[in-house]
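Each of the next two complexes has chain A plus one other chain: chain B in the first, chain C in the second.
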Partner chain A sequence: MRQLSSYLWAEIQKEHRHSFHSKMIYFSLLVWPVIMFVTAYYSFAPFRMGPDSPLARFVAAEQLPLFLLTGYLGYIFYWCLVQSAWQMSFERQAGTMEMIFISPVNRLAFLYGRSLSSLVEGVWLFFCFVLLALLFVGGIHPSGWWAPILAFLILLVSAVVWGGFLSVLFLFSRDASFLYTVLDEPMLIFSGVRLPPMAFPLWAKVISFCFPLTYALQLVRGLLMEGETLLALAPKVGLLAAVLLLLVITTIVLLKQAEKHMKETGNMVMY
Partner chain B sequence: MLQVAKATFIRNTLVMLRAYPWSFVIGHILSGVYTVLFAFFVYHYVFAGQLDDRFILLSGSSDYLSYAILGGAFYAFAVSTLMNVSRSLITELREGTLEALLLTPSPRRGYFLGNVCQQVMRTVFEFSVILVVGALFGLTLANTNVWSAALVWILSTVAFFCQALVLGSLMLRFRDTYITQNTLFVIMAFVSGVTFPIPYLPEWLQPLGQIMPLAPALDAFRQCVIQGKPLIAVSPQLFHMAGLSLVYLWIGTWSMRRMEKRVVESIFG
Partner chain C sequence: MLIVENVRKVYRVKEKTGWLMRKWTEVEAVSDLSFRMEPGKIIGLLGINGAGKTTTIKMCSTLLTPTSGSITVDGYDAVRDDRFVKSKVNMIAGGERMLYWRLTGRENLQYFGSLYGLSGEGLKHRIDALLLQVGLMDAADTPVERYSKGMKQRLQIARGLINDPRYLFLDEPTLGLDAPIARQLRKHVKELASEQGKAILLTSHYIHEVEELCDEVYIINKGKLVAHDTPANLTQSLNLETTLHVVIPALSDSLDHDLRQLAMRYGGHRLITETDDKTWEVTLRGENDMTTPLLSLLAAHHSPVLRLHTQQPSLEDVILHMADRRGA
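Showing the complex of A and B:
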């Protein structure tokens, strides 16, 4: 356990030095998400709002800013991890990927350490923004004092598992930016970040339930906006746990396959 | 100059086909397609087609889907043009070919012309695919004034090219593409009327949209496509775009020259 935590810590430190060498990084951590959130809010301006608007079937008009804020908070959690996984390609280019796999380090510690690092570092700024914004936005109805903490934990755990899964996917591809496009933006549309998935047609609902962010956001909104009790949320928590377990198993299987391939061909860079 | 342009065109096409297998092209297309999907979902499934009265007044039409889909397609086109041109010199720097390029007696105008022509080939393809997908999801092209729209499109390419020169020199200055380009793109998406008319923004933010060539270009293009207006009817937007192009061209050529000198001095000593 001690060894595992030292691997995790080492990976977190490495990623910190790698990503935080310039103050420009704060643009991607704070400025972009804030502008994207405001753009999303104004995208609804061309539609009829108010209590009798069709939107009220899914979200009350006064809760729209809060709906978008929670959506974007969840999205930024996950987005940081898509970024981190995308940067896996730099390990290939720099030739450090093979060195990591030659060392006796625990592979899962490497993957999840990577995710955890970018998450904690990437999210805190936007998290502060959301906390501040929540103070000025109406419509908050938390389940209890523990609701924000539980919501944070749900986002943290699910995002780290998702990040580990993505990093493994990137082990199989040389053209990583393509996967980035395929995975990042659909999450923004289908996971209920900007639109309630309940409004979607069946085929889009099927896609939306492939992303763990959909389940995580349902829970977070249940906790912060609808004041649902733990008992009422239990089935949703169970569903999210099942999805995450499936992701962890897939991650382990894929990781073993990638490593087996590396051992056979002696090459990790050109999968 | 034309020989240099031709050589650059051929080289860039070969690079696109062999070295970077379609990543950016597919990325831009998908990005436009996602905007189409978002507009379709929000209009049909979330708001059941009920628009705000001001939208019809501000956009001059009640066809939200065409408005948003054209916005998404045109935004993808602007991003693509800006990226392909502005990244050209810094890519040469990263790949180690900038020194060779600067050493040759080729005029820079020819080099950029070749770049633009090559990227026009790409953006025409990207734009057409997004429009075809958009047509499946509710884009109406029946009233389009084809010649006016095509001309606005060409003039927009010129305007985006001029803006790309400024962006490119900023990239060379900061030795960065990721932060510089994406900061500009998120601001452009916000203030240029891509998914909603600019007057919805607070008054103090609206002038920011007016310094982006995307805003008048998109406005003119929408009027020609959705309402079928002739070129003369969109002349205020075209003059606006021409004015911005001249300013960006002047700043761009001046700063690009300075940056080239700076790069030569700081890197190649």
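Showing the complex of A and C:
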């Protein structure tokens, strides 16, 4: 256990130092969430948003800014923590992937450690969100003092599991980057980042519940916007836990298959 | 001991046969290869490009699974017990890859050490010792992207030794390095075997490096083992031609005639060329050494010798000869 945590920490440090080589990246993290939120908010502004609008059945007009803010918080949180997945191609190019797989390190720790490396970004992002919400948006009704902490943990754990799942897909092939494109945009549209999934037609609802971000956002909004109690949230927490468990099991199975495939084909060095 | 027994590796390769058409073909990279690595010994794996050297190293280091045959490390199977084997082996390749360039040398070693479960003071001491060993202590906290090629290669060696492996695979470790740095690395490799008792497998295109370092050499061609012996025995066993060069000031008809007779008597052939400075260079090639009879003949003709040197067959000649013989 000590070895595992020591490796996880080393992976986090390595990825962080490798990605955060310029102070400008911290600056972009400060500006980026604000730009995305403003863009989304003003894209709704030209439309009728009163009590008789179609969206009002799902989100009250006065809650829209906070709805969007939580949506983008979740999306960017996921984006930060899964970027390590498509950076897997770097490991191939640099030949460092071979050096990782020649070692006896726990492969699952390697995958999740890569995702966790963006923890600093995640913490910073969450801090920005709380600050924005308190100073400019308002309307926060947390379930309790613990609600922001729990919301943070829900986002963190679900994003790390999602990041690990995407990373394992990149172990199969250097051409797996198309999967990111295929998965990222639908996640933005269908996970309830900008529109509540309940407003979607049935086929879109089915897609939306394939993404763990959908469940995570429901919980975060329940905790921070609607002040729901833990008891009321329990079924949703259970659902998210089940989805994440399924993803972890799939990741483990795929990881074994990917390593077997790499050892048979020698594609670990192809980039 | 690391034992490779009757190992075979077949790759399935996809070939384009049309816009949407693909054909799968099988390529045998290694065929029925067997060898052993013993502590304190350096063995060389030689062959021309595509001979299967890198595939063999990757199978021994658990990066590839053999299609058939077995590899055992201290009695543990490299496929079934790969976790154990991984902790006992490491690989160092030539070139500038396999490092994180934005990290410092020390950070790289910290990360690679953590992959082997090393941490805390133990890892710190190991890193310091290795940095000192490869002469990178002063540059330990400099990002690798600012390192020279030689420094990166030295860091690679430190990385390959971070888990104190019993079995070390060196794949072209001096590729592209300047002569003094390559010499320093060769010295270091020799010490790893002789002083630290590591079993080392070396592949290199620099034949003199193999001749200098290796106790035994395995020559493979198209994945098959074609010869195995010490470098000296390999060059002697094939009876390849020795070349004798002698420069004389004048060449009479009778000397020319006797030289031809000498070459014929020893089953060789002779070549005479006039040099720019009006001297004559006689080249005698044959499987037998003709130095003594040649000097006796020149003495009988009262011909002074201006220069004389013998060129023995090298390991490179052996490899090329074997590749030719098997239609490479």
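The criterion applied here is as follows: the second predicted complex is superposed on the first by the 245 of 271 C-alpha atoms of A that agree within 3 Å, B and C clash if a C-alpha of one lies under 4 Å from a C-alpha of the other, contacts with A are read in each partner's own complex, and residues count from 1 in each chain.
Rule of thumb we're sticking to: a residue touches a chain if its C-beta (ideal position, glycine included) is under 8 Å from a C-beta of that chain, and two chains touch if they have at least 3 such contacts.
All values derive from a computational prediction rather than experimental measurement.
Superposition of the two structures on chain A leaves chain B and chain C fitting side by side, clash-free. By the document's definition of touching, neither partner reaches A:Val193: not chain B, not chain C. In the overlay built on the shared chain, the residue A:Leu169 is in contact with neither chain B nor chain C. Of the two partner chains, neither chain B nor chain C is touched by A:Leu213. Greater residue coverage of chain A by touch, when chain B is weighed against chain C, goes to B.
After overlaying the two complexes on the shared chain, residue contacts for A:Lys263 are found with chain C alone; chain B is out of touch.
Using the contact criterion defined above for the overlaid structures, shared-chain residue A:Leu255 touches neither chain B nor chain C, since it reaches no partner.
When the two structures are aligned on the shared chain, A:Lys14 is found in touch with chain C, with no touch to chain B.
In the superposition on chain A, no contact is made by A:Leu68 with either chain B or chain C. No C-alpha atom of chain B lies closer than 11 Å to any C-alpha atom of chain C in the overlay.
Residue overlap on chain A between the chain B contacts of one complex and the chain C contacts of the other is empty. Within the complex formed with chain B, the residues of chain A that make contact are 24-25, 27-28, 31-32, 35-36, 38-39, 42-49, 53-55, 58, 175, 177-178, 180-182, 185-186, 188-189, 194-196, 199-201, 204.
Every residue of chain A that touches chain C in the complex is listed here, in rising order: 2-3, 6-7, 9-11, 13-14, 17-18, 21, 94-96, 98-105, 260, 263-266, 268. Those residues of chain B that touch chain A in the complex are listed here as 21-24, 26-27, 30-31, 34, 37-38, 41-42, 45-48, 50-53, 55, 59, 64, 67, 174, 176, 178-179, 182-183, 186-187, 189-190, 195-197, 200-201.
On the chain C side of its complex with chain A, the touching residues are 11-12, 55, 58, 61-65, 82-84, 86-87, 89-91, 93, 95, 97-103, 107, 110-112, 114-117, 119-120, 159, 163.
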